[in-house]
Amino acid sequence: MVLSEGRGGTIASSHSNAVAPDQRNMSLAERYAATRRLSEKLAEPLSEADATIQSMPDASPAKWHLAHTTWFFETFLLRDSLPGYRLHDERWPFLFNSYYEAEGARIARKDRGLIARPSLDEVHDWREAVDEAIRPLLDDPAHADLIELGIAHEQQHQELLLTDIKHAFFKNPLGPAMWRGRHAHEDEQAGGVGLADGPDWHQHPGGIALIGHQEGGFAFDNEGPAHRVLLEPFALRGTLVTNGEWDGFIADGGYRTASLWLSDAWDWVRRCNIEAPLYWRDGEHFTHCGWEERDPDAPVTHISYYEADAFASWAGMRLPTEFEWEAIARGQDSPGHPADGGNQLDEAAPPLPRGGHDLFGDCWQFTRSAYLPYPRFAPAEGAVGEYNGKFMAGQWVLKGASCTTVRGHSRPSYRNFFYPQQRWQFTGLRLARDV
Amino acid sequence: MVLSEGRGGTIASSHSNAVAPDQRNMSLAERYAATRRLSEKLAEPLSEADATIQSMPDASPAKWHLAHTTWFFETFLLRDSLPGYRLHDERWPFLFNSYYEAEGARIARKDRGLIARPSLDEVHDWREAVDEAIRPLLDDPAHADLIELGIAHEQQHQELLLTDIKHAFFKNPLGPAMWRGRHAHEDEQAGGVGLADGPDWHQHPGGIALIGHQEGGFAFDNEGPAHRVLLEPFALRGTLVTNGEWDGFIADGGYRTASLWLSDAWDWVRRCNIEAPLYWRDGEHFTHCGWEERDPDAPVTHISYYEADAFASWAGMRLPTEFEWEAIARGQDSPGHPADGGNQLDEAAPPLPRGGHDLFGDCWQFTRSAYLPYPRFAPAEGAVGEYNGKFMAGQWVLKGASCTTVRGHSRPSYRNFFYPQQRWQFTGLRLARDV
Amino acid sequence: MVLSEGRGGTIASSHSNAVAPDQRNMSLAERYAATRRLSEKLAEPLSEADATIQSMPDASPAKWHLAHTTWFFETFLLRDSLPGYRLHDERWPFLFNSYYEAEGARIARKDRGLIARPSLDEVHDWREAVDEAIRPLLDDPAHADLIELGIAHEQQHQELLLTDIKHAFFKNPLGPAMWRGRHAHEDEQAGGVGLADGPDWHQHPGGIALIGHQEGGFAFDNEGPAHRVLLEPFALRGTLVTNGEWDGFIADGGYRTASLWLSDAWDWVRRCNIEAPLYWRDGEHFTHCGWEERDPDAPVTHISYYEADAFASWAGMRLPTEFEWEAIARGQDSPGHPADGGNQLDEAAPPLPRGGHDLFGDCWQFTRSAYLPYPRFAPAEGAVGEYNGKFMAGQWVLKGASCTTVRGHSRPSYRNFFYPQQRWQFTGLRLARDV
Amino acid sequence: MVLSEGRGGTIASSHSNAVAPDQRNMSLAERYAATRRLSEKLAEPLSEADATIQSMPDASPAKWHLAHTTWFFETFLLRDSLPGYRLHDERWPFLFNSYYEAEGARIARKDRGLIARPSLDEVHDWREAVDEAIRPLLDDPAHADLIELGIAHEQQHQELLLTDIKHAFFKNPLGPAMWRGRHAHEDEQAGGVGLADGPDWHQHPGGIALIGHQEGGFAFDNEGPAHRVLLEPFALRGTLVTNGEWDGFIADGGYRTASLWLSDAWDWVRRCNIEAPLYWRDGEHFTHCGWEERDPDAPVTHISYYEADAFASWAGMRLPTEFEWEAIARGQDSPGHPADGGNQLDEAAPPLPRGGHDLFGDCWQFTRSAYLPYPRFAPAEGAVGEYNGKFMAGQWVLKGASCTTVRGHSRPSYRNFFYPQQRWQFTGLRLARDV
């Protein structure tokens, strides 16, 4: 996911039904306030130093996320739509623009960890000032689409704030915890379903499916236009691949068997000495609560596309396409309401995958689909047109939602995307097979 | 194109109708001999030094191509099927295995230019010895599929031999010529058709198309299985984008306009200071005959996917999908006989794109399709299973054939593939648009 | 200067006369306390975030300097000499050991900016605890040498703390200031002495000079053994090269004239697009008070060896050897008391070169001497033996002292050393010539 | 050694007494012819392909050496001194200028292996043409200095031709041999002298020594001016360190003991996984005759400065300074005639170190002296001034001569120089100690 959002002329209504249960009856202004508050809650356990450091170019400091989401509202709402508005600090867009070429030069991505100033307090003051200035616009229907977009954008950054700080803490040999309290293993486990057998598979007869955003409510531009796709018969497993199953892959020499891997993947495995998912050591893995014992029944996470593909080959199956995944999701009882179930982010508390039978939640699921434009896709005009379209090269689509995705932010048509070697997100896999 | 070939259990018959006109009535043994002879003819203008050097990791020395194709026949035919056969030199597979993990360790790709020994003469001796030893197998139907594969494999390397030596000569400041005689501009030019108008567009009404290898004859494993795909209405331009049209793109600041480029592409343009196609300087371009004046009506070649995509955006159109391209090709009068027309390789003579109305020939044409497996695709067992499948990550499909593709080697289902920044092949583009 | 200190069996007495005026009559315990206090004073203007970030691998975070100097005392004094002492936190040596192989594994140098934890407060608590625990040892003559070493070590890090944070602030586009208040240009300027003429040159007749540490008091191991060196007649300019003179070098195309530069230097200039000293833009330079106008009469600083050598070539002169420089310094009125004059660090206040006739102060001065062992040099046994000796390859000797060197830390035999491309220290040059 | 030579106004006479025995009574014209002939003899065993390839940026193709030495004579003699002379091919200086900035742009060093054209035959034709054109100048005293320089220059490249092709063949997994015939171990071995004891040490009482070129005859500019240096008493071992002694260093864990290594050296050992000298495997080493058994009594070669220094530390001794080495050499019976003894290059035949008591021959010997200018050194005016002076940064002085150094090319004042990690030359070490 590269963080931004396409304007989307397809946004039919700002009264989305795809929001979290407790947001269903909220006004746009209330949802704006709730989203902004959650970002601050998530950053609360962090010291000024925690919020400033950057552990790799892919990740950004927590303070940067707080500032960038504010820059987004200030730039595209206040600056562009509020007559007479003056920027809080005219030097800050250089620091907090992410990748919008149309918005001008900006600090190199790898240097975001050098922004000791402005301080965390100054960023919080900025957030308050923008929240105050934006208030008169929140009830004006003329701005509803952009505000929806800004909310969705900030929700994406909430997920990134959590995954980025996890990586930063992981790199500290002291293994600091963001929250206290060890996770207990769930007694009721995910299932013990065998890899390939058992009743726990969603069957699909094939045929023509309508894919892409088609309900009311908000969606990013890359989720449309809705269009028809022809599917062959297939099956999608009901549960995610677990840590225990991954242990089996390792024990069977999965990381040392060239024939299981794509050519680029095998280069990566050898060049980077990959031997296990990110954040694993012995029987433990690193969490927002520090180092903890791994639950063999919980879904495996923090794997790359390369690893997901190799595992599927090892299991004699394959990854689903994004269309297959979506077709199953749409066939479920409440396809439009994934927010009703699944392990997603409800509050500022430690996220942890735990397994189950939900399609949404726990982790993003790799598909074998390259991230490409849908037929007749066209990005929006102007800077927000850079939100999604320009990343359509070299990345892969992931479906679902993770335990760090804010509840209400997910839907069947949602397309997340990453490069095939990235794995600091909560990424996992769900097997598919031909029938 | 990464050079190898899938075994392909789908090969129904070794009497292919997709060969070049003058090969239609040839026996398999005759076609084997003709293919081997052509490789040697292509290398004839080269000195021992020319044939030894490697100008970049992507390219291989001409001597290496001569040896590798021989290794292929020796390994998969003679060694595996001829009882009592002893390798010509048991140390050479280390040098001339390309990327088959199942065939063991091998010299690093970037070091192929260090193989001063064996000498060119020794490689020619090896070729003769293998040709001699293989003779008894050529008429045996049990080996026909593998021999077809070996012929197709050597044809691919004939194209690479030509494009690789072109790059090597280009890197020499003296700009040596492989053949003499300047190309004259064709008087009858490609057309002067405007980018978006005129009658010269293939129209397609959309609907379900059957895609993939479906005729008799040889095909690589990645061309199947044949399967149905749903298309929306579209149009495909009858002619290729020309040098002159590309001059217009440059003059309009195409290489300096961020909004035309994918995000990875823009990084590439700036990091590598890309300002024109490979092999261009002023009004000239580098050819197998040295530096020559550019023909504005000839198709542009030696461009990357990134450039093709940016040009299409600039023109307000897009690249076709691989399915759209193939659907048009199948709708033509002689879809199974592209060998009958187009500018392809007929003999050891300087190749040069010249333009026209053929779908095949002149240059490979980028599609907007990522190189991925077709539904129910499975690579063959054993080493030859590494021919195509393991490269299905990060590359893009190209359709058609180029002026360096041996006549008879092309067909509508053929899928060539390259990384988005590569451009030392004869790569160009044909525009598409929604209707 | 790589930060550490050789034990030095040559330390005759811990009652050094080479300390700053106000430290002359202090006891060792008083000097320990003053040194520790100054480190904390220097860090006072920094926020938690300021003190945590690392702007390049050469530089370290301010918090790290505060911690590392404390680790030094805890490791080599308390742990090794105080029976029953328990480490404040046994996981911290991994974080705060700099480069002592004998002290075991440690965090990679480039990752020091990831140490958000322990917090700045925790580091301050550690400092207090160590200061408390060390008190009984301060008056014990058995430990005097190591305490002297620890004090000198912490003084070196005070200089680095200042130069490292300067670089970190420089990298922030906001250009934050560590202290307020613009520097006013000194009215009484350095001189306007021409490069090569005027009376302002120290003359030396040549002959045998005794070089190296030879007085009582503390010195690093690399300053000895004292030994004789044969000098040819030469002259050393009385003043440093100024910003204004450097402007002349630039205006004359100095950075574009290959013949002025060493071969490695010319590669560096072109590869890194070097066009001026570090921290320069237009008529300004970056200081601890932010961006300020440059004083043309102040000494140029933040140049590399490569630049210093090229400038000397341009001026038709050369850099002095370390022996020539020291011979002049020893011939001055109060050679043992450089602390009495010069622009050095006296308190936590903004340092800035200003020029004058002192050999010490303002900036470190490059010599044309490679940093190599003196005859019969042998490093000390054990971990502290790694302080200096192992860096004797590829670096150059600098003499004098800078405006960030604590007063009392300098002496004629002092040998600072850096790689030829480094320039984030206050480095400048003083010309020499043969006579 | 970077290959070229400073004009040297100090050249007193072109009738050198420092030439090989069989050249003593030759005229300059005869020596020119002999030198040119030897280069061609050395290249005789090489194929066109062998002579074209480049195995690493440090090394150059044999054909390039043949051409570059010819370019040197054509440029600085014919072009500059022969009225009306026209360049053989005006495009070739771009290819065969090595590093002379004053002579304009040139092909990147790493791309010398791409010069398939001109062919080896064309280069030989060029050599003949230049030899023919230069004939009238050979007896003219006005050009004697430059011709001496050109001869010395070509002799340096003869050594490089041999060491570069050795590396290229080593990189070929077939391990080709340049000459046939295995070396037999010498029966009379070097000595079995213990590392530190025995009578076989040259003693020196210290005092003032006159260093640098001081006899008649040719010398490079970096060997002067002659000047006095003060030495402390020391001893220099009579024999070189042997392969067998190096085996002891390895067996004792020398490559795994951090405390023996300089800091930069230890980084290099770990980053490059250094475990033995270059060209070693098991009990063998690679030679110009292919892989051969190692002679434990022969001198170790192909080591870096880093390794030489670590070995000396392990042995409890040190490397000599360049001044110490030269002082011993000058104290020998025939200091001016090293050509009379030692294992140097006499003809086109396989070179191999064999040990003995000569100071010259077998291998270049590292000193602990950085390569810096002697007092009052000034490079010559013009392009030839780039021969030596601009490399005086970051390299180390080596003394003596190797088995690939043409007899007559060595003398006590000769200063060879390399970077501390380079080891493809015949480099070894001779221990020193304080007394």
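Note that the chains are named A, B, C and D in the order they appear, and that numbering of residues resets to 1 at the start of each chain.
Just so it is clear, a residue touches a chain if its C-beta (ideal position, glycine included) is under 8 Å from a C-beta of that chain, and two chains touch if they have at least 3 such contacts.
Keep in mind it's a predicted model, so treat the numbers as computed, not measured.
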Hop count on the shortest chain-contact route linking chain A and chain D comes to 2
Computing the C-alpha centre of each chain, which chain sits at the greatest distance from chain A? D
What is the distance, in whole Å, between the centres of chain B and chain D, each centre taken as the mean of its C-alpha atoms? 48
Between chain B and chain C, what is the gap in Å from one C-alpha centre to the other? 61
Would you mind pulling out the distance in Å between where the CA atoms of chain C average out and where those of chain D do? 38
Any chance you could list the residues of chain D touching two or more other chains? none
Spell out the part of chain A that touches chain B in their complex, as residue ranges. 2, 99, 101-102, 208, 227-230, 232, 258-259, 261-266, 305-306, 309, 368-370, 372-373, 375-376, 386, 390-394, 420, 434
Quick one: which bits of chain A touch chain C in the complex? Just the residue numbers, please. 47-53, 55, 63, 91, 94-95, 107, 111, 113-120, 168-169, 171-174, 176
